[in-house]
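Two complexes follow with subunit A in common, the first pairing it with subunit B and the second with subunit C.
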Partner chain A sequence: MMNGVLTRNGREWSLLAACIVAIIVFSVASPYFATSGNAATLLRNSVELLLVGLGMTLLLAMGGIDVSVGIVMGLAAIGVGRALGADLPVGVTALAGPVIGAGLGLVTAAVVVLGRVPAIVGTLGLLGVYRTAIFVLLGGQWLSGLPTGLTDVLAATFLGIPVAAFLIALAYLAVWLALRRTPYGLHLLAIGNSEEKARLSGIPVVRVRFATFIVSGALTGLAATFYVANYRNVEMTIGTTLALDAIAAVVLGGTSILGGKCSLLGTVLGVLLLRILQNGLLLVGVPSLWQPVLTGGLLIGVLMLEVAAGRLSFPQTGWVRK
Partner chain B sequence: MTAPFLAARGIAKRFGALTALSGVDLDINAGEVLALLGDNGAGKSTFIKILAGAHAQSSGELLVEGAPVSFASPKDAASSGIATIFQELALSENLSIAENVFLGRELKRSVLGIPFLKRGEMRKRVDALLTELDAHISDPEAPVGSLSGGQRQAVAICRALNLNAKLVIMDEPTAALAVAETRKVLSLTRRLAERGCAVVLISHNISDVFEVADRMVVFRRGRKVAERLRADTNPEEIVSLITGAHPDVRALERTN
Partner chain C sequence: MIRLRTLQGPALTLSLLALLWVIVLVMLLALKPSVFSLGTMTSIIQFSTILALVSLGQALVIMAGGAGIDLSVGGIVSLSAIVAMLFVKLGLPPVLLPAACILIGTFLGALNGILVTKLTLLPLIATLGTFFIYSGLALALTGGAAQSGVPTWLLGWGRGTLAGIPLTFLTIALPAFAITGIVLVWTAWGRWIYAMGFNERSARLVGIPVDRARLILYAASGALGGAAALVSVAWLGSARANIGQNLELESLTAAMLGGIAITGGRGGVGGVLAAVILLVTLRTGLLQLNVNTVWQVGIVGTLLIFVLLADRLSQHWR
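Take a look at the complex of A and B:
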């Protein structure tokens, strides 16, 4: 076994149980919850978060973080939207997302790794810069009524399963292999444990951190491709709560906010639980305005519980996130 | 006489306004155990971190087998055959023993250009090393964070041995060890030297040092103040060199 990566501390079982309880409660409370239409909506709404959460899992496990993922997805979505509007080939349009995302990941890495600015601050600064970039690029208007070219491809089914589901499964499998079967995984977890010790052990710390920010950016960009395919518009407020949702889902899934441990299965279950709660509460009449309260509350609650249980303690001095 | 494996020439290190080392000249020979002694803060760890590529010197030169080298990272020093057991061990507590022993230089096979870990082979090699060290570790898959101080020490030593290094540097390797484990480490340093390896040992324990070291070097306030062959000195003299009571040290410190 390797501590973590796929599973950790039975957290996954608790999450699975929580999902089941939530499904039962909402099925009783709302006649619409347990319909196939709603299940499809719920899964479709989980697509971006599954991908962004995968990147966030890597970042947190490495002792990093990115609070600009929402706006990065927005920028990539504009690229995808413009490509779609210009009738470029589907392959080019689809790839525009991950390519733009990877490019922005490179920028993030340059700021955080080369500039040696703590990730939480560096990505917060970038968030500000990108927010204006989105405004300027969109000219204050939505991209809307985009063609269905991408939608048709990603929603197409193969053996009864949507192509989108295959792509997401492939992304998780690739990351799992990288973490569990290649030196990269050991290096990432060693950096998450202690960057200085990793350096003393001869790990190419700068290269691993760059690669991880780029991969996370590419996954966020892929999420943008799915976003545009799903909704066929890009609005000014795109991705506002994405970073919060992703960090909450990943921490809920058992990945350590301090780095060094992660669970991919936990991330999947964390995303599903979050989306089930959001969807269910909406159906029983709680306005969507309350969703960030729920997400933020869950994030803080889980961390407070772990601290109280003695499983987590934050250093009292210095920057935690690197 | 052959050239030393490693020669340090005029090594100095400053941390901002603090001068941790200045003008250190030292030869390190193959087949020899060299002890570095000195008070807390004398600069021993700083010196070996420069040899290990963990710090860059502020001035001075390092020569490996006569050729000047400059280490940008611990990986560079490792490729020159220098393995270091740091005082703070530098193990990753969240990884297993085998993962730690091979960290940064994993065994892998390339499939479609992707480097896959050879976990089985690494595990076998680590089991052999642990047996050679006579270290009793019940579960080699356990995270290193769950091991005792002595067991961690053994893992760090395995890591150094696994490099097949030409120079093994140990910064207070026995500080956390019980009597029996200390004996094992000391006899290991001798065996390494007999195999032709150069060994640098930092220790505050004078009797341990006299048991294994061929040569002793004393640091004081960032300077090398004395160098003695074991045959030409005794524990009392070494202690007085460390504390500064020795006339040589007094003379040296008066001139500065």
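Take a look at the complex of A and C:
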């Protein structure tokens, strides 16, 4: 029985073990790691990556990808920041993120799904467009020193638990239910397994793919709301490495980059492990410039291990149907 | 227009690109006639050299199919320039700087190739990972500081011109395109690349060494990135960690604009060179019109999306 659980959820258990080992190692190596202040920082830094990661899990499980998520979060954060600065009601401010994110997800879906453009190339093009948009919208100036309205609401406690935690749990639950308890989830995984077979068996492929890009956009926008509440500023370089972090965390969590297989719990643990490693290495004196190197290395390392273990074999075929 | 309709493949791409180029030039002429001087032309070609080399590598990788793409090109350019200069600082004779740039680029490209062929990683994920590793290393090794100390004889080559055309373009970019064009059209190797891009299964069945060819193409893309690094070092007088910024986007756009099919097996190098010159003309023109440089990446991104959509539409109508 125990054995069955271990093998079935092997990835999650080993990630949990890796997290614990990393925590012990860094606690020994740095006196600052195992402090409540650092734990709070670590969790706060994980929030936006977790939300973006949930969307990325759906995208990868569907055989898609989106490298523009970091910049999409940046654009949504500008919207949230402007709303916050204009003293709009907190509800409107908080919703600005997901709404803008969903809107941008719609644009991505239009290009990638309706335009039948490979997701990597299409989202790379959008990344360029959005990067210019961020520069133009910010006009060379950071949004900073924003009011604390949103921060206060998310930090307020209900039954002793912060509202933010409720919202994140709600988002996780919603994604989990959609993925595991609705036809949409089955369709998504079927498309990830084989788009051709999914279409032939009557699954509304275009609609499901379209919806997934919008959901991912909305989750990314929600991440922007949390980002603004946490840091109360929006800088020019916002989200530069977020897409890589998200892809690395999701792949670490056991979601197949070929689609058809995913683990939401794995994504949560992957996000935690990645952030623990980044935070811990910073505290033991590795400059933050090394972080992309570490994350990229981790991504490729995990994939190499999966190939070595024979769990992953890529069909050497082309992009899309010709 | 009737004539256009009868054109096919590369000829169509080239005529469309030439038409676009003329439109851009006419618009520039109308907006700011002073743009047209020998100096401007020289700087357009100077700027083109780096993008041309990188785009050629990108085009080769995409043409060979297998979902081929090299997102790490910008990282390769930055890291080869930085590491080669660091080697010189550590005592490598400066004479070997050019060779070092190209060798390091080849090595980094071959790493991509090994990940894609031997370890069968999906190219977009493998090169996305190495993009962050390479460009991250270039930044981390130097802390972002430019590495100076380029020998003066190299600067003479990097900044010199012959009849208004930069020496780097004449001695590296043109030969690279010419050799690649000849290989693609007249050798078995070239046919293999098209064959594996067009239909990989058949290519394997007729005995084409697909994996070996693909590994070599990723290494070639790296070597071209290393050559681009050399050009940047010789031109700017220092190695900069951010020199490869946005090159993945620009080279993809140039390749797509130049008529390379994202699915592989289709396209030629002439279109790529024409697309590079069009892109750089556009960029120089915007610069001359005092449009902020932050618009460039957006315009390139928009172009990429439009080219891909147009490609889909044209297939639809055919």
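Going forward, the second predicted complex is superposed on the first by the 310 of 322 C-alpha atoms of A that agree within 3 Å, B and C clash if a C-alpha of one lies under 4 Å from a C-alpha of the other, contacts with A are read in each partner's own complex, and residues count from 1 in each chain.
Simple rule for what comes next: contacts are C-beta pairs under 8 Å (C-beta built on N, C-alpha and C of every residue); 3 or more make two chains touch, one makes a residue touch a chain.
Predicted model only: the values in this text are computed from it and were never measured.
In the superposition on chain A, A:S144 makes contact with neither subunit B nor subunit C. Counting the residues of subunit A that each partner touches, subunit B and subunit C differ, and the larger count belongs to C. In the superposed model, A:G128 lies in contact with subunit C only, and not with subunit B. By the document's definition of touching, of the two partners only subunit B reaches A:K197; subunit C does not.
Shared-chain residue A:T35: touches no atom of subunit B or subunit C. Of the two partner chains placed around the shared chain by superposition, neither subunit B nor subunit C is touched by A:T237. By the touch criterion stated above, A:T157 is placed in contact with neither subunit B nor subunit C.
Every residue of subunit A that touches subunit B in the complex is listed here, in rising order: 1-4, 177, 181-183, 186-187, 189-190, 192-194, 196-204, 260-261. Note for the complex: subunit B touches subunit A at residues 52, 54, 73-75, 78, 84, 86, 88, 90-96, 99-100, 103-106, 108, 114-117, 141, 143. By the touch criterion stated above, subunit A contacts subunit C in their complex at residues 65, 67, 111, 115-118, 120-122, 124-133, 135-136, 241, 244, 247, 251, 257-258, 287, 289-293, 295-297, 299-300, 303-304, 307, 313-314, 316-320, 322. Per the touch definition, subunit C reaches subunit A in the complex via residues 65-67, 69, 71, 115, 119-122, 124-126, 128-133, 135-137, 139-140, 143-144, 200-201, 210, 246, 248-249, 252-253, 256, 262-264, 292, 294-302, 304-305, 308-309, 312.
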